[in-house]
Every structure is written in structure tokens, then in C-alpha cells.
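Two complexes, one shared chain (subunit A), two partners (subunit B, subunit C).
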Partner chain A sequence: MLIFEHSKPGRRAQAQAPSADKPAGIPEKLLRKRKPRLPEVSEMQAVRHYTRLSQKNFSIDTQFYPLGSCTMKYNPRACNSLAMLPGLINRHPLAPDTHSQGFMSAMHELQEILKEVTGMSAVSLAPMAGAQGEFSGIAMIRAYHDARNDTGRTEILVPDAAHGTNPATAVMCGYKAREIPTKADGDVDMDALQDALGPQTAGIMLTNPSTLGVFERRIKEIADRVHGAGGLLYYDGANLNAILGRVRPGDMGFDVIHMNLHKTFSTPHGGGGPGAGPVGVSERLLPFLPIPMVGTDGRDFHWLTEEQCPQSIGRLSAFAGNAGVLLRAYVYAKMLGAEGMHRVADYSTLNANYMLKRLMDAGFTAAYPERRATHEFIITLKKEAKELGVNAMDFAKRLLDYGMHAPTTYFPLLVPECFLIEPTETEARESLDAFVDAMIQIREEAKTDAEKLKGAPYSLPVRRLDDVRAARELDLHWQPGEDQA
Partner chain B sequence: MPFIPHTDKEVRQMLDVIGAESIDDLFDEIPDALRCGSLESLGDGLWEQEISTLMQEKAREDGQPLCFIGAGAYDHHIPAAVWQLATRGEYYTAYTPYQAEASQGTLQLLYEYQSMMTELMAMDVSNASLYDGASALAEAVLMAVRANRKSKSRRILIPRALHPHYRATVHTLVKNQGIELVEVAYDDKTGQTSLDDLNRHKGGDFAALVIPQPNFFGVLEDVDVLAGWAQANGMLSIAVVNPLAMALLTPPGEWGPQGVDICCGEGQPLGAPLSSGGPYFGFMCCSQKLVRQMPGRIIGRTVDLDGREGFALTLQAREQHIRRSKATSNICTNQGLMVTAATIHMSLMGAEGLSRIARRCHGNLQLLVGKLTGLGEIEPRFSGSVFHEAVLTLPMETRQVLRTLAAHNVLGGFDLATHYPELGNALLICATENRSGNDMDKYRLKMEQVLASRRQGACATMAKFD
Partner chain C sequence: MSNTPDNLKYTKSHEWVRDEGDGTVSVGITDHAQELLGDLVFVELPEVGTQLTAGDECAVVESVKAASDVYSPLDGEVTEANEALADSPEAINEAPYDNWIFRLRLSNPAQLDELLDAEAYAALAEED
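Up next is the complex of A and B:
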């Protein structure tokens, strides 16, 4: 039932708005003639409706959520309550420096922490999500080449296993995205890379560990070759959780990186954001960082904007990015400290390798059986699809019935019938075992009754949805009057 | 170990299953030369009490000044229920609803949000959010360039009376695609976008005209004329509006003869706290014929295998995870939680509640302007009617005035000197429903003292003594 269907003309949540006069200073012709048909409900009706709706969601707080490449780890409650302290949450973005030292000191320290864990020379917190971090990174690479009058570089190289945001970002920055194939062992095909490199190469976008869940072992060689061709290296931080405190992108030779704080630094995913996608750079890209950033004279903090950063690629939002998300990441980083940071990589890697081994022992097929899992790994259900007639999507939907969110399915596109599984460091062994056991049981079900699996899930508020109809017969909003029909 | 559940015994057992000696062994594919040291500069982790104390100190340091700054971020009352519900773990810790059956809560809520936004804006369709108002405008500009097939120019008309940070953001995000922003002047008397200046571009090839309502000066634009002008000149129209104001003012879908093609803006006034500028959310609506050009997530209503109503992500062929380099945008994660808050906010407020808040803001601004201009030396800069912000002309340097007021814990407004030097000593003020009569009296009193000490030529001394 939609909130609109609880609505009655004239009913209101009376406590939520003051009395008000007619708008004396606004000409009649600019005033709205017909009121928008928003819900008319009591406060309790709204609270009950949205409480009940929430109960139709799987979430980290309620279920194991091993969604590969999304790092669905526990979001500490302290991060939320401390970021919502009145002095922080009521601070206006344009408040003067005299009323901003507390906030700015936290942002400055976060910049320093992120520099240290990534091995980069400087960090800007401005990008509002990973894709905006990517945009900033590639825009900086472009600004760098332009500043050197090196304008013949028109291509960004992207491995075929990359996230879809990578090629989309290259295009947004005015580049052509050129795909590089991956070898059977999961590493980049060096011969193909060599063939693709040339005076037209602006740079390469890499995720390491890659979206295939394996560490790109020849990263140094890739860096040398790309740099040798005059290109720069962009690090997509989607999988930073795998190496946090173990390996630093700066040491691998990357010139620019973004981090997904809603992944690695445990800020909430919020049903699809808000994220935060800070960018870090090596010395040569430093002048181009997006603004604003926080600077200090050693005592007080101040904003760095156009004036101090004339070569900056510019502003990415009206104010200073997703500040509240940054505060949550700051609290998280402070709680972890140096020790806690490297435990992230250690235990996320332990959990992934344990799950992979158990699944392999149970007869499931690893996509890269000869390789170590990083913080995530891929299994392919190609064999099950062929022998039992149930595909990865059937397994995924049935897992929901077992009370677990499905892993990422059908991504990366290279591996057929795949699951990309990321347990994260915050899951106890019991959850991992329960997942493996569920997979074994689902396979047994497939052997006896494949049709049943194709109808899953059965225990959720809805069964499989008709996506084709959703796209063909577009119904994108409630129509007034339809609930009376 | 914070947030890690493993016991030593379990670690040993898990390593045994893997067949590894130690956790270190699990990193054996990483070349030794790449392993980093201990990150000592980060120091020891703090336990919850210590970090609480630290954060409370920082929060206290920033004080709780009396704020009359608007300029794109507005201090509104948010019903208690909004964030209590939005921070429920089921909303707070879910992700993009890829598994629709396990995400019906988020999906239905987003569908309701789309329904509310199309009603509020009187537009055909809405997406499920972008990052913020400024970046939403950049996406609208890119969309207009894609959609306006009649235009070859990749040029956009953008008013100087639009938020300067929005103009800067759009420039950053579209310049690499060869899109040019051409500025339209404002009328020096009214503060509205100048029709005379606009007419200089009559017959020119532009993909779209951007129309703010209200504009950055708080001034209300003659939107029917502007939307009509765009249409008559073969351009798409992009509205940038304050969503709260739309409870009171003619919505973009009804501007001019046919309504605008795209509308977008900052969703912050709908339930997002000021929070130093974010997270907020950008909204975007458009006409039905442009829906396949729209960036971002879109939710559709459909049915399940049993014919039951349900909700799912739809039109995904526009998006980066399917279309890759040919996607309408690179956006992936957006501002879901802020939209959750906004949807609950709009449900609690209803049209009447939003309209009352909008009227209260407008009334308070009128009051504040009256109090300050009543001091004698302060004048309204523009004659155009305003919503809840206005530009005042001061008899002395704005920066100086603001600094002194801030020393009294009053944030007096936004100094226009940097972005609009041509306006002289101009100050953009805002009064929302959260500013009481007492608050405004305090502001008036402090301003009176600033002006008085200037008359005595002792302004600087006064600041020092505070």
C-alpha cells in the first residue's frame, strides 16, 4: 500500500508546521494555483508506514550481505551519532572560519589519514561518490596533459573487467575508452597493453585487486610501461578494503586514486548513497586537485579555493562535498588507528579465502582456482547451469529465502554465471559457514526440483518481478485517483 | 579488535581449512617490495568514549551561532520522526536495490519519492536522486545537449543571477565535453534575469536556457516569460528551483505555454540538515519524452510472478553498469538516504505543511528586511519580489560588518563581494521559519551597534573589545 493510499483530504500531521500568513510580497501571477497532491496523513500513519516499509529491506543490520565489490561491512553506530552532534549538524557550509575550526580540524586530519594509508602526496575530500572521484581523477589527468600542451592524448585504457563507471567516466572527461583484455589467470594481458599504448594514451584506469578478486601481480611493470608511454595511472579504490594497511596505491606507482568511503571506511550505504569519493594524488597532479580543501598554517584551519589553487579542475558541488559522510569516516578511522587499519585487509582476506576454500571443497568452481582470493572472489555456476538447468540468478534468488542477501551476480561480465562474493572482515565465521551450507543445500534442491528454484524467492514480500513489463509499460509515479478505482 | 569478531582459535581453524600458516601467507601474491610499513603516524585507535569526547569538543568549538546565511543551504525545522526513521538500520545499511525482492522497502519509498516530486514540480517523471543541486544542474545541461537534436552548438545560456557555485560546478563537470556556458546578465534594478540581455541571443543556436526560481539574490524570476522565450527560440528550458518554494509558487511544469523540459535543484530544504554542506541530494524531473535521456536510478512499478504489485529499478539500459561508455552518466551511488529522509519529510508535511513553512519563511524575511532597513542606512538592493532571501546594500564594507557580527555570534548573511563585485557593499540575507522575532531583534540590535560605531569611526575598536 502506498503512502498516498493512506491519505484523506484535510488530514494533517498538525504538529509539523506553524500557522502562516498569506505571502504578502509575492505577486498573484507567480503563486501556485493548484496544490501538489502530496499525502495527507497523520504523524503516526507516516511513522507506521515507513517503519513497515523498512521491514521489507535486507540490510547489513539484519542480514549477511556479501555483495561483491560493495564492501557491505558493519557501520558502527558511534560514527552516526557523533556525526549528528548538534554543533556539527547545524553548521552552515558558508559559516566563517571563526565558527568552523572544529569541523575543519577533523577534515584536515582526515585528509592526512587518507594520505598516509594510500601513500599519496595530497588528498581532496570534495568528490561526493566514487564515480565523482573517478571523474576528478581523469579530469586531473587531462588537466595535467593540457598544462603541458600535450594535447594529442585522446584515449583512456580500461581493462575489460572494470566497473562500468570507468568507461563512462572516461567519456565524461572527453576521452575515448579503449578496452584491454584480461588473461586466463586474471592478470592484465601485457602484450595487448603494449599494443594499445602510444602517443594517444592519456592514462589507464585500474582496480587492484581487480574486479576479478585477484591482485594484479605485475602492477609495477604496468606502471612503468604506461609512464614510459607518457600516460598516467588511475587507481579505482573500489577494492581498497583488500589492501588497507598492507599495500598502498602510491607505492604501486599510481598517480591518482579515489577511495569509496562508504566501502572501505564503513560509512553507510543508505539504500544507494550518500557516498564519498575523496581523491589522492602524486606530486605531479597536486596543483589540479578539486576544491575546496582544508589548509592550515599550523595553528588555524582555512579553506583552499580558487584563489589558492588556480590550476584546480574546480568545484564538484555547491559546497564541500558530503561533509556528514566524511565525519563518519573520520570517526571510524580514529577508532581503528594504525593497528585497526591493517586488520581490515587481514581479516577481510582471511574471510574471503576461507569461504572460497569451503565452497571449492564442496565442489563449487572457482573462477581463478590457482589464485589467492583477496577480500573477495568469484565462483562460476556454469557447471550447475549446464548439468542442473539452474543459473546464477536462480541461486541468488533462493539465497534470499535462506535469509542472506545474494552476492553480486553476472559481474564481472567476463565470467559466465558468476557470483562475486565479498564477506568483509566484520562477519563472524558462523555467517560464512551458513552461506556455504545454504549453497550446498540449494544445489541439492536443484538436483531434485529445479523448477522450484526457478520460482524463488518464496518467503519475501514479493516474488520475482517482471522487469520487462517495468521497462515497457512505464509506471514511474502514482496517479491521483487510482486508489479510488 | 574493533568490529572484528574472530577469536584466536577461530583464526587458527580457518587458516587450517585454507591450508595457510598465517594470515601473512594470504598476501603471498603481492610482491614484497610493495608491502607497506605499520602506518605509525595514525596512532592508536580510540575507544568509543574517547572519540565521543573528541567529537563533542570539536562540535562545541564551532558554537551554535544565530544564522542568517542561506545562499543555497537553509536552516529548516526537521520533524523528529524523519531521521529517527531514516537511520533505522534497514534503510541506513542497505544498498542500491539490485535484488528487488529483498529491497521492496527502499524501492517503494523511492517510487513514492518520484511520485511526490512529480506532483511538487508538476512534471511527468522524476529520477531517484543525483548528488546535489549543483551537480544535478550539470547533469541537466549534459542531458539537454544530448536531447536537443535541433541545436548543433553545445552552448547553454546560464544567468549570472544563478548561484555562483552552481555555475562553477557545471563548468567543471561539462567543460571537457566541449560545452560552453554563456552568461546572461541580470537587471540592475529588479535583480531578475535581464530580458534585454537575453534578447541579444535571439536567433542564436543554444541547446538550452537555465531558469532559476528564485535566483541567487532571492529574487523571483518572471518564469512564464523566460520559459516561453526559450521555447520560441528552439531551446530546451532547464528550471533550477528551491523545492520548498514550489509549495507556494507556480511549479516548473506549468511555466510558459508548455512547462519546462527539465527541472532540477537542491533537495536539502526537504529534510536534510545543514551539516556543513552535505550530504544533500539533487533532484531531477523531466518531460515524458526525455525520460530515456535522464541520468540516475529510476524506479518503476510492476508485478511479480503471482501478479502482485512490486517495484524495481527500470530503464537500466541508460546506466553505466549496462551501457558502460555509452551511458547517460557515470553516476552509480547517489543520495538514497537523503531521499529517504525527504520522502518521510514530505509525507509528514503534506502540501499544506510545506506551504505554511514556505509562507512563514517569506514572512520572516519581510520582517527582517523591515527591521534592518528601518535602521536607516541599509537599503534593499533590488526591487524584484523575493522568496526568503534578499540583497541589502550596506553603508560600509560587508566583510567588516560580518566579521563584527560574527564576533557577537550572529552570522549575518553571505558577502556578495567576491562573486558580484559590481554590487558594492552587498549582503545576501535569509530568514527561515527557525528564526524567531527575538532572533531578528538581536540581529537588528547588533547591526545597529555596528552602524553606530562606524558613525563614531570606531568600528575596528569595537570588534577588538568583543
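Up next is the complex of A and C:
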């Protein structure tokens, strides 16, 4: 039930009721004639409504959530409490530097930590989300070529195993995205890469490990060839969790990287934000980093802006990134330390490989059986779909009844009927076992009663949704007086 | 088992091509392709007059599972786009070979011979 459906004219939550006074100083013609159609409910009704909604959440705080490519790891509560300290949360973004030294020193240290972890020359925390991070990365590649009057470069290469947003980013920055195929073993097809490279190549966007859950083994050779053609390498940080503290994108030869702090550095995830997508660059892209950044003279901290960075691609928001999110990542990084970062990579990889092995032993089909998994892996349920008549979506929906969020389904597109499974380092062995056991159990159910799986889930507030009708007949809008049945 | 009519030509990227015998061809996606994609919810059509080279992305078919590019099988100019699909993308699921997506006037008709025949395409689809 929507909160609008609880509405009764005249009912109020007095504590939150807006002032009835006409706002001063706004011309009469701009004032609205009709009251906004807000729901009218009591405070208790509002509290119950939203508490009930929150209880329906299926989240990392309540359930195992192995959503591949998304790194749904646990967010330690300490990050939250420290980022909410009054001195930080009450700082006005326009407060002078002299009143912001504590916050700025934390941001400066976060820049340094991310620089060290990724092996890049400098980091800007300005991008407000992963998408802005990607955009800044490619915008810097463009700025670099333009600054050298090298204007004939029109293409960005994107392997088909790259993160799904990459081609869109290339197009947003005015490039043509050119797809590079992957070989059956999961590595980039080097012959196809060689054919695609030329004077029109601005750069390549790679995720390593790739979306196929395997490490691109010939990355040095790829870097040499792309650089040889005059292009730059962009690293999508989606899968940084797998290599944290073990391998650095800077050492692999990348020129620019964006990081999703909500994935690797444990800031709150999903729901459209707020996010943070810092970018790191190699020496040659330094002048183009987005502003503002925090600089220091060794004692005090100050903002680096247009004045110090005249070639910057510019600002991405009114202020300096999502401060609250950046602070949470800072606390998380400080709690882990260098040793802890190693353990993130070790255990996220160990957990994934443990699950993969158990699933294969139980007769499920790995998409890349001869490859070691990174922090995530793919199984294909093609065989089950053919023999038992239940597809990946039926398995996914039934997992919800077993109290687990489904893995990513039908992505990457290269693998039919697939699950992309990412347990993360924060899960205990018991949860990993419970997932594998549930998969075995569901397969047994499919053998005896396939129809039952087609109707799953049975235990949640809503049953199987008609996603086709939802997409074909978009209905996102409720009006008073509409059918309330 | 998906349907692969003998009178059509095919591409590796799952388009079908029907030679209309007047220098134009109709292009759609195969039964196998619609099966893999599942229920279609959106079709983006090419603009009439667009000049295409074989292999160019020129349309998009979107299902609840995935959005997938449609590639031009041949060189030519788009003469017609099947506007009816904008309102009823499901027509492709129901009858993939009756519902072409766009028509091309070929600039290089000899390319037709390079396309796959039904047997070769069926073998390819079987491997998928």
C-alpha cells in the first residue's frame, strides 16, 4: 500500500507540517495555485508505513547477497559512526580552510591511500559516483589527446567482457565504442585487438579481473600494444576487490582508473547513491584531474582549484565529492591498513573459489572451468534449463525462498543462462555452504516439481513479478482517485 | 529447436536476410535470437536514409534480460523501418520471420553470397 493511499484530508503530523505562511519575496505569478498533492497522514502512520517498508528490505544487513560485479560486502558500523562525528557532519561545505583542516587532512590522506593502493601518480576524489568516475576518466583521455593536437583519435576499444557501462561512457565523451571479442578461455582476443588498433585509437577500457571473473593474463602485452598505437588505458575499478593490496593497476600499465568506493571500500551501496568514484592517473594525465583536490605544504591543507590546475577537465559538482561517503571509505581504509587490504583480496578470492569448487563437485557447470576464479565466478545453468525445464531466473527466484539474495543473472551476456556469483570476503564458510546446499536442493525440486519453481518466490511480500508487462506498460505514477483495489 | 527457414540468408550475429528480388532486402532477427533474448519489450529502429556498411550497429532489441545490438548484414541504404514494432515488440517473439525490422537498398548485392545459408546457420545456433 502506498502512503498516498493512507491519506485523509486534514490529517497532520504536526511536528513535520510545513509553515502555512506565504513565502516572502517570491513574485505572485510564480506561486503555485494548488496545494501539492502530498499524502496527509499522522506521524504514527508515517512511522509505521516506513518501518514496515524497511522490514521488507532484502539487504546485506539481513541476508547473504552474492550479487556478482557489485561487491555487496558488509559495511562496518564503525565507518558510519566516525563519519557522523559532529565536527565532520556539521562542517559547512563553504567553511574556510582554516575551519576545515581536520576534514581536509582526512581527504588528503584518502587521496594518498588510494594512490598507493592503485599505483597511480595522483588521485582526485571529486567524482560523485562510479559513472562520473568513468566519465572523468575518458574525458581526461580526450583532454590529453586534444592538448597534444592529436585530434584524429575517434575510437575507444571495449572488450565484450568489460563492464556494461563502459561503451556508454565512451559515447558520452564523443567517442565511437568498438567492441573487442573474448576468446573461449576468457582472455582478450589479441589478434582482434591488433586489427582494431590504429591512429584512430584513443584508448581502451578494461576491467581486470574481467566481468567473466578471470584475470586478464596478457595485460602487459595489451598495455604495450595500446601504448604503441598511441592510445591510453582506462581501468574500470568494478573488480578492484579481487586484487586489493596484491596487484596494482598502475603497475599493469594503466593510465587512468576509477574506483567504486561503495564496492571496494565498503561504503553504503545501491539505491542510486550517494556514491563516490575517485579517479587516479598516471604521470601524463596529471594536469587534467577533476577539481577540487586537497593539497598540502607539509603542515596545512588547502584546496587545489582552477588556479593551480588550469588544464583540469573541471568540476563535477558544486563542492568536493560526496564528503560523507568519502569519510566512510577513509575510516574503512584506516581500519584495514595495508595488511587488511591483502586479506580482502585473499579472502574474497578464496571464498569465490571455494564456492566454485563445491558447485562443480555438485555437478553444476562452470563457464570457465579451467580458470581459477577471482573474487567472482560464473556458472551456466544451460544444462539444467535443457534437461529440467527450469532456467536461471527460476533458480534465482527460488533462492529468495531460501533466504538468500539471488546472484546476478543473465550477465555477462556472453554466457547463456548464467549466474555471476560474488560472495565477498565478509561471509563465513557457513553462508557459502548454505548457498551451495540451497542450489543442490533447488535442483532436486526441479526434478520432482519443475512447475513449483516457476511460481517462486512463495515466502516474500510479492510473488513472481510480471517483468515483461512491467517493461511494456510502464506505470510509475499514482493519482488520487485511481482504482485502489 | 528453433526454426530456420531455407529460403533466407543468415549472419553469425543472428540476423536473417530476405532477398526481395528488386535490389532490396528485409532484415530481422532469427527465431534462435528471439529465444535467447526472451520477451522483447523495446525495439529501436534505424532512420530511413541511413547509409550502412556491413557490420554497423543499426538497431537495438531489448528484452527484460538484455539489450542487444542488431547489425547490418550488408552495405546499403535504409529504405524502410518497421514502425509497427515500436508499439508491439512482442510481434518478433511471436513470428520472427514475418516481422522484419528494416529494409535496405543494397549497394553491393554480391555480398549476399557471403551470408550463411540455413544449414550453416542452424549448425551455428546448435553450438550456442
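Convention: the second predicted complex is superposed on the first by the 468 of 485 C-alpha atoms of A that agree within 3 Å, B and C clash if a C-alpha of one lies under 4 Å from a C-alpha of the other, contacts with A are read in each partner's own complex, and residues count from 1 in each chain.
Here, a residue touches a chain if its C-beta (ideal position, glycine included) is under 8 Å from a C-beta of that chain, and two chains touch if they have at least 3 such contacts.
Computed from a predicted model, the values in this text were never measured in an experiment.
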item	value
Which of subunit B and subunit C A:197 touches, first, second, both or neither	neither
First (subunit B), second (subunit C), both or neither touched by A:416	second
Partner chain(s) touched by A:281 [first = subunit B, second = subunit C, both, neither]	neither
First, second, both or neither for A:110, with subunit B first and subunit C second	neither
Partner chain in contact with A:329 - subunit B first, subunit C second, else both or neither	neither
Touching partner for A:212 - first (subunit B), second (subunit C), both, neither	neither
Dominant contact partner of subunit A by residue count, subunit C or subunit B	B
Contacts of A:471 with subunit B and subunit C, given as first, second, both or neither	both
First (subunit B), second (subunit C), both or neither touched by A:446	neither
Those residues of subunit A which subunit B touches in one complex and subunit C touches in the other	411, 467, 471
Residues of subunit C touching subunit A in the complex	36, 39, 41-42, 64-66, 68, 89-90, 128
Residues of subunit A touching subunit C in the complex	409-411, 413, 416, 467-468, 471-472
